[in-house]
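Read through the structures below before going on.
Presented sequentially are two complexes of subunit A, the first with subunit B as partner and the second with subunit C.
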Partner chain A sequence: MSVLPPDIDSASFAAFLEELRGAVGADWVWSGDADMFPYRDSFSPVWNTAEERHASAAVAPEDVEQVSAVVKIARKHRVPLYPISTGKNFGYGGPSPNVNGSVVLDLKRMNRVIEVNTDRNYCLVEPGVSYFDLQRAVDATGNKVMLDCPDPGWGSPIGNSLERGVGYTMPHFRDHFGAHCGMEVVLPDGEIMRTGMGALPGSETWQEYPYGFGPDPAGLFAQGNFGVVTKMGFRLMPMPEYYRTGLITVPRRRDFIKLVNHVNFLSDSGLIGEVEYGSPLSALMGNPDFFVLATKTGGPSDAEMDAAASAAGLPSFQVELQFFGPQKATLENWNYAKDRILSDIPGAAAVDGDHFTLPASEDQLNNTTQPWQTSIKRRRSLGVPSLGAWKIVRDDGHVGFFPVLPRTGEAVFEVQRVLGDAMKEFPTLPPFFNALTMPLFWHTHTFQMVFAPSIKHDDPQHNAITHASMKKCVAVAAEHGWGDYRAAPIYQDDVSNTYSFNNHILRRFHEQLKDAIDPDGIIAPGRGGIWPRRFRA
Partner chain B sequence: MKYLALAVLAGTLAFGVARAQDNARTGPTAPELQEGKAIYAHWCAPCHAAVPSLAGTSSLAIKYQGTDIPAALEDRTDLSAPVIGVFVRNGVAWMPPFRPTEISDGQLAALSAYLTAPLEDRGAHAELLAEEMVRKAAEARAQAGGDQ
Partner chain C sequence: MITRREAIKWGVVVPAIAASSQAAFARAPQGLDAFLLDTRYVENLPAEHAAITAIRFAGDVTRPWFDTLDHAWRRRGYVLGGITGSDALFVLEVLAQQHGRRVVSQQQLGEKNERGVYPVSWVIAPVHPSVTA
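Our next item is the complex of A and B:
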């Protein structure tokens, strides 16, 4: 489906493409259906419908000067650009733009790892660098630092952090945007800006102090459309000496509330890495009576769930803990965690898990020796990029809704009930929210839960259910104060609308900024729900 | 099926990654196939290596169950350059298409040459990133005189 950029005819579009070829070379500009197919969102729930967003062309500069040149050409022709780093933002729109006819600014060729510093523990990379690439650069240093990577390792540290993606090691590294330090940005007029200490000529601390002096605009470039990020620094964790795991189980449903508070304490004190909450009662979901109980409207009572757990001889909940640090410290921290939780929750039990020196061996990465059925994906827990988790994808892909929730057991129970009831409108979906649905402790200080219905390229009815359920889930969650953290372009306006304090002042503020620096919408108009004047009219 | 989907979403499945022991290949790779092998190692092996639990390999194991077609792409002898090109540029199911900025047309030709060469010319299986990482860490320890 060939499309043109907004407000431009095919002759002007051809002239625009010719100027792009002059800037980056004829081999690095594409248009037409066949060449643009890989720029479609292959996980789209509106695949092959009128709602699908299509780019008109793609251009791939090889350095920041070419990015600047492309932006200036786009500004002259008033053509919206949609920057992608590696375009692997699957479940959140992939490489597809907000506005039909946008030109994808594909930064994959900018794939240089500029520095990995293992004395001061940081790196500086370009957008086309993947976690695989960065790990190989780290390997060359003798593995003196540990990455914190998302599930699929083919994505970009810059792209992932600008989407506020997450990883699975220690708390302050899991928030990838939070772990960034310094960025270079091409602004909508083509000017090249550096944030923080990068603004001070001669500074050698760009990756060590993120703020510099005065306001720090770095946050505008995450999930925003105020510029094209062409370099970014990240803090790295020194490779810990030792890794240790432990399991805590609690017998009754209400014990979960205390368990969460203890884990919050351990995490905020810097004693543990990412945790995996779970329920051993999941093993009963194949039993039809238990399935009905766990998914019943209004939620089951504590007594009903405790009776089922007692009858099965299973604890109600568990948490898998992971410790990083000197060997003796990991042991002391695990002993402390056990004492703290077991002395406070009657019937709680602890199991010692795998522990070993880092970096891990291949057998240790394979995670086959835990004395319990583990939910820990060892590679991602140890920052080793892979595509192992790709196996969870069902059908032809999925879309994701991950509401941000209070870090309490009570909130988890409320989400289970409220969203479980709301999603009963869509009986063909798996029961994402039920009495056993567990929180994800990915971002440093908050919980999220997952709603990720699948899509099928050849089944528009299936996709329509997914699409409608996503919109309903966003709306119902927001009514309860639970907001999405990241969304595909087709949902960004819905999500943005829920952040409505004081008559949407946050969005109106962003619009004022956008109007001031990019009124024609050269950079990703609509991204983050921010539309410039030209497109609001 | 609901339970299965739920279990997967809850992340209760362990994704152990262990090389299939019965199809390990050894030997050098022909010099003219080195580039294609590197492309395969970078872009294809993370999902399609001869490791049964990987997403691509496990899917193809199901697809070709009951046939003598191996699940790992690196062991296939029935592929052709046009077929490889179609899958790389169009994807299939949840495998996304790959753009020329990721795998250029020249690199696609080299990849196709590797995956269609006689098995004896391909040499040992490409190394996975984790294997490479573990090997390099061990080499670094050995060089530093530490334990193995």
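Our next item is the complex of A and C:
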């Protein structure tokens, strides 16, 4: 499906592409259906419908100077660019733009790992560097540092952090944008800017002190459209000496509230890495009577759930804990966690899990020796990039809604009930929200829960249900103060609309900034719900 | 599951290759450089055939990617054939696109399972001038 950028005819578009070829080389500019197919969102719930967003062309510059040249050409022709790093971001729009006819600015050729510093524990990379690429660079240092990577790990540290993606190791590394330090950005007029200490000529602390002097604009470039990020620094964790796991179970439903508070304490004190909450009662979901109970409108009572757990001889909830550090410290921290929780929650129990020296062997990464049915995905827990997560993908993919909620057991129970009831409007969907749905503790200081209905390329009716359920989830969650953290372009306006304090002043502020530096919308108009004047009119 | 007998020494791959009219194949007269075999769907095939290496995996593309393909696809040439699950092919296709390569031929070999995954034979070949042989 060939499309043109807004407000431009075919002849002008051809001239624009010719200028791009002059800037980056003819082999690195693409247009036409076959070449543009990879830039469609293959997980789109509006696949092959009028709502699907299509790019008109793609251009792949080799370095920051070429990026600057491309931006200047686009500005001259008033053609919107849609920057991507490696273009994965599946479930959140993939490489597809907000505006039909945008030109994808594909940064895949900028794939240099500029530095891995194992004395000061940081790296500096370009956008086309994948986590696999970075792992190779870390391997070359003798594995002196550990990555914190998303799952799957084929995306780029820059792309993932700019989407506020997450990893699975220690708290201060899991928030990938929070773990960045220093960036280089090409602004909508083609100027090249460096943030923090990068603005000080001769500084050697660009990747150590993020702020420099004065306001730090770095946050504007995450889920934003104020520039094209061409370099970023990230903090790296020194390779821990040892890794240890443990399991805590609690017998009753209400015990989950105390369990969460204890885990919050352990995490915020820096004693544990990412945790996996779960419910052993999930094993009962194949029982029709239990399934009805767990998905009951208005939610089951605590007594009903406790009776079911008691009858099955199963604990109500569990948490898998992970410890990193010196061997003795991991043991002391695990003993402390056990003492703290077991002494406070009657009937709580603990099981010692795998523990070993890092870096892990291939067998240890395969995670087959835990003495319980584990939910820990060992590779990602140890920062090792993997593609194994594709085993969980159903049909032709899915879209993701991950509401941010308070880090409390009460909030988890409320989300289970409210969104479980709301989604009953879509009876063909799996019961994503039920009495056993657990929070994700991926971001450092908050919970999220997951709604990820599938899509099928050959079933528009199925996709329409997915699409409608996504919009309803966004709306109902927002009514209760739970906001989405990341969204595909087709949902970004919906999500942005929910962040509406004081008559949408946050969005109006962003619009003022956008109008000031990019009124024609050269950089990703609409991204993050931010539209420049040209497209608001 | 595709048996050894059914495969008849890459018989399910070769028709897919023969059916391709993609120009990419004209640039790869030497044929395939490697086979990728998903052991969820292919059993007991030899480690190589006609001096072409077979790489085995069980649905998770991580090791073939990190150990072999990531290196091979940075260089010119390298035509890869495979019999895998459609989920693995999706991962490979996305990685291939980023490296100037495309799925130039594919053939569904069985029904979808409950997750919508089915066995498929395919060929991935270089198409971008920066990596064509």
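One rule holds for everything that comes next: the second predicted complex is superposed on the first by the 537 of 537 C-alpha atoms of A that agree within 3 Å, B and C clash if a C-alpha of one lies under 4 Å from a C-alpha of the other, contacts with A are read in each partner's own complex, and residues count from 1 in each chain.
Everything that follows uses one rule, which is that a residue touches a chain if its C-beta (ideal position, glycine included) is under 8 Å from a C-beta of that chain, and two chains touch if they have at least 3 such contacts.
Not measured: the values here are computed from a predicted model.
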Joint occupancy of subunit A by subunit B and subunit C, clash or fit: clash
First (subunit B), second (subunit C), both or neither touched by A:Phe426: neither
Partner chain(s) touched by A:Phe535 [first = subunit B, second = subunit C, both, neither]: neither
Partner chain(s) touched by A:Lys108 [first = subunit B, second = subunit C, both, neither]: both
Winner by number of subunit A residues touched, once subunit B and subunit C are compared: B
Which of subunit B and subunit C A:Phe132 touches, first, second, both or neither: both
Which superposed partner A:Trp372 touches (first subunit B, second subunit C, both, neither): neither
Touching both subunit B and subunit C, residues of subunit A: 38, 42, 86-88, 108, 132, 135, 154, 379, 385-388, 390-391, 393-396
In the complex with subunit A, residue positions of subunit B that touch it: 2-3, 5-18, 42, 46-47, 53-55, 58, 89-91, 93-94, 96-102, 128-134, 136-137, 140, 144
Of subunit A, residues touching subunit C in the complex: 27, 38, 42, 86-88, 108, 132, 135, 152, 154, 379, 385-388, 390-391, 393-396, 454, 456
Interface residues, subunit C side, partner subunit A - complex: 59-62, 65-66, 70, 87-88, 90-91, 94-95, 97-98, 115-116, 128-130
Subunit A residues touching subunit B - in the complex, by the definition given at the top: 28, 30, 37-39, 42-43, 58, 60, 86-88, 90, 94, 106, 108-109, 128, 132, 135-136, 139-140, 142-143, 153-154, 276, 278, 282, 285-286, 291, 359-362, 365-368, 373-375, 377, 379, 384-397, 430-432, 434, 436-438, 450, 452
